[in-house]
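As structure tokens, here come the structures.
Below are two complexes that have subunit A in common, paired first with subunit B and then with subunit C.
Then we have the complex of A and B:
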């Protein structure tokens, strides 16, 4: 018989080790379907590595892919730390992107020094409102935010399609459902010539550091953690639980919204309804893999972006489906969840005493 | 041991950390007998029954149960299956029924293998109906349990135990959730079942029903069995004395001139959903240099009183003044600002945030104070140094100020809360069950600190179910019963005990 009991304090080694082991395990487990598909497993992983580290271009592509994941990962991290289950990152991403093209395609014109912060601010506000509404419903009426934020994703996506067919449709777009391009003054600067990597990455990294400091060093972060860890005690101690949740919701939604702005104003230039390959949802995996640590989010976003970019290269080179990337990402989430359980509990073998 | 003993608990002891929940308890039960297990909250009643049923493994002691032929055999401890097989059935306060299954399915569940269940349904139904006829425990068998009333659900639980051939039935506070009428029906049914040879142990702290429906009464106090008496020879006074104990002395307690009122409540009303959370127009005054003890059986409105004073619930009528300033906003920050220090009843749930550090838990009620934060940033070095000072001063022992508060023992958690409350120099201190579950050392420390606060000029509102504690610490005792406060004007245990039971002495 094995007895399972909670550990008093999970060791530092375990808290750091679990995500790393989970990531490696997920990659290793992905070898099984690879082998079943008839591919040479080692060659496949070779191509994957080459797809990420093979050239400066490959590496910057990975960083470009990681940027939106850092934003959405931070969005999930802050919300989840307050036990506010924001599953609506995908919707908030598109709200941010829509707001950016609404104001950024010629409605206002200003020099970049004004235009770029303006677009970012408007996009962040749109995302923030997108999360504030379901959070208000939660604090006021007890509506489960898991359900409301998840379903809002689909509503927002349909709304996006409507907008791309209507008010936001590019008159020069030859009838395609896409928006007009962001005007030049609003485009985020490139970081390297002839590469797609843009200033969104810098912003994401900066925000990760700010989120880390806010969470550990400020009164705001203290309240956020208190509400997340024990809302009853926080309330008893005089912390405004509802107000704190609303604040967290605005920030979380804003971060997801910034992901949308960064993609549309930094990478693509115009908005389509496939701008995000599920960055909002993947952000949840990024956050969980990071153990809900803002700085960890950077590392886990880099890992997941590497898997995606590497799997693209591998699938082109070997003719294996790039869905393998989704498989690795999902499995790393499962491994982290299982690993988290293992780390929290102590397993001891007990021999049953004879009576 | 006589021929018809069906159950014998021999010297059962159980410790949780430093707290002794049960201390060498002996108990016997005869065939067809109804034994009432009586005691205050935390006296160890539920722990004892959980050991009997195999949920907890006792540290020492053994249990003998009669087999089908009436011979006592040792019970394998720590295994609910063994208890079930030996014919012990337990009905918990919180029912364990599957709401989407019918009553009959719930009764059958767990008894037979899943494969044979269908064929045996007809036979099972006949058996259940037989039990219903003999005992009078009527329940609609084909209705999903989710649609049943609380009383019906309880009958389903009992039927389930009887269906699995329980010869000994344990009921944990069976009437806590029932209306008086339902409770009467339940005891009639129990009477019918005991005539069939069933033995029943029921846990309660309601004197009236214990006297009316049991054959024998065993009283637990601080984990020990302090008395046992045939119901025929008992009356409320005797039992009340047994329950609250007459063996401890009132601690020396220097007389003190009381000051101006710090808390004034006038015809305060709270309309809660039940007696626990309701107050029906109470008046209460607590002065500076005074400890007012609220004595009462749990569930008589203590929760409502504490919630109002903590700022968690706004009253529906009446008013409250703290130091002559009327309270208009009933929120925890408003109460803190008015000078109320709160020691919550459930210290782990409401008092601390287990995952956050000791130092963080010490500042949680005053995040905006200049020594805690500046411009929205926490002053980490000051917070840690201050936490170290407080931990030394209040003797909070544990793995350090940076360790999560949940690693502290119960007594140290309470000392942490005391440090936080007293540091703010509150005018009024609400101490709600401040020593529940604490060991002797920590209990004395809490008492000492409360007396010290009184000497410094605070008023203390002490809510406790431990009458000893109330008598030892209070200058004045007020009894709470059914949402109303009655000034006791006495320190006589028996009289207060009767008032707690609703008998105006």
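Then we have the complex of A and C:
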């Protein structure tokens, strides 16, 4: 018989090892659907690797794909650390993108040094408000934020379609439901010539470091973690739980909003209703795979981005559906969940008499 | 046509019941899981899996009832996965549920694309037809509303009664409710907390999958990506609205169906002045408002979200 008992604290090796093993396992499990689809499994993995490491361009494409995932991953990380279930990253992403387009397509003009921070700020504010509303409904009325943020995603997506057919529609867009382009002064600088990689990545990396410091070294971070670990005790200790939650909500929503700004002002230039292939939801996987650590988010975003970019290349070369990437991403979430269980408990073999 | 006129037409109420049907399956499924103490956010993905699996089975020649069986089994499979992760392993029900939703959705999409690689327009099946019951379906008003629905609507209504009866009137139902309120007491009685909770999640998930199957096998005749469109999440909101009671759940689903049918009709009335998206938003906005209204009074099953381990108090 095997006895299971909780560990005092998971060892450092396990904390780091579990996500790595989970990610590799999820990637390995992709062999099953690949084989069922009748594809040459080894060739498929070869194409996936080539899609990420095959050229400088491929690698920068992966980095470009990782940028929004770092933002949304950080958004989920901070909220989840406070046990605030922000599942609304997808909606907040689009709120940020819409706000950026609303002010960044000619309504105001300024030199880039003013214009870019302005757009980023407005987008972050929009995302922050997008999470503040369900958090207010939670703290004031007790409405479960999981359900409200999920439903808000749909509301915001419909609102986006309305805006793209109405006020935000590009008059020169030949009737397509898309916004006018962000003016030149508002476009995030490119990092390399002839590549799509842009300054959004630098911003994301910087915010990951700031989030790490804020979470581990500041009073705010301490309050956040205290609320997440035991809200009742935090309240007893004199921490304003509701205020802390509202603060976390604004920051979390702002981060997801910045993902939207970064995509629209750094990559696409204009807004469509398919700007995000589910970056908000994938951010949750990124955060969980990172063990809710801001620096870990960077690593797991790189992994998830590699899966997506690699699977795209494999799909084009072999004709296997690129939904394989979503399959790997969801399996890595389930694997890391189980791995977390293994890391938290000690398994010892005991004889029946001993129990 | 004014508002009152709309409410008095039989086609309006027939549509309301039709729209409510998948939600009835989903709400009942979510209710069973939560009564046993397990939140199942896998519902959105299980809807998609049920929709795809049931449809594909019929497309491959299983017959409509065979398709429903396949859908239910698919739902049960994903439910079992969620049950293993959340009951004996005691992992976060939120994260596990979202993981199941992502997993079930991507499995369904990948399978559909792999099974039908080069179709441009989605292939169709012959779905459930309205049951044209002689005499009864010719009754004024009642006839079109009740007796021209498909067999799946009747199945949903029958399940409401069955779930109510099992939960409220049988020892099994009492055990399920107790395991979601006070698992220690159930354990002290010598019953298995694990088996009860896992069984409830598996059964509930099978029902959710039937809700998905209704979309491809009764409401439409084909499978589309993104066709679930938040219906699963609406069910999670409706369960809270219904205070975990099957009867109220039916009422909530019907109210929701009525509002949705109403907005479609209003759209044709005032569509010239108001963008259609305003109406599309209404169902989701209503769900949030309903949630806010009842949230403080809601009596959650006391052990909901709380993992329980044998021999550990």
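Please note the rule applied: the second predicted complex is superposed on the first by the 353 of 355 C-alpha atoms of A that agree within 3 Å, B and C clash if a C-alpha of one lies under 4 Å from a C-alpha of the other, contacts with A are read in each partner's own complex, and residues count from 1 in each chain.
The working rule: contacts are C-beta pairs under 8 Å (C-beta built on N, C-alpha and C of every residue); 3 or more make two chains touch, one makes a residue touch a chain.
Computed from a predicted structure; not experimentally measured.
Placing subunit B and subunit C on a common subunit A by superposition gives a clash between them.
Taking subunit A as the reference chain, the count of touched residues is higher for C when subunit B and subunit C are set side by side. Look at A:220: by the touch rule set out above, it reaches subunit B but stays clear of subunit C.
After overlaying the two complexes on the shared chain, residue contacts for A:62 are found with neither subunit B nor subunit C.
When the two complexes are overlaid on their common chain A, residue A:237 makes contact with subunit B while staying clear of subunit C. Once the two complexes are laid over each other on the shared chain, residue contacts for A:334 go to subunit C alone; subunit B is not touched. When the two complexes are overlaid on their common chain A, residue A:142 makes contact with subunit C while staying clear of subunit B. Applying the stated contact rule after C-alpha superposition, one finds that A:286 touches neither subunit B nor subunit C.
When the shared chain is aligned, subunit C comes close enough to touch A:150, but subunit B does not.
Of the two partner chains, neither subunit B nor subunit C is touched by A:119. The touching residues of subunit A, when paired with subunit B in their complex, are 8-9, 217-220, 222-223, 225-226, 229-230, 232-240, 355. Subunit C meets subunit A in the complex at residues 41, 81, 85, 89-92, 94-96, 98-100, 102-103, 105-107, 109-110, 113-114, 117, 229-230, 233-234, 236-237, 240, 275, 277-278, 280-281, 284-285, 287-288, 291-292, 295-296, 298. By the touch criterion given at the top, residues 74, 76-77, 310-312, 331-333, 336, 342, 344, 349-356, 360, 364-365, 367-368, 373, 376-378, 380, 403-404, 407 of subunit B touch subunit A in their complex. On subunit A, the positions that touch subunit C within their shared complex are 33, 36-37, 85, 87, 137, 141-144, 146-148, 150-155, 158-159, 161-162, 165-166, 281, 284-285, 288, 319-321, 323-324, 326-327, 329-331, 333-334, 337-338, 340-341.
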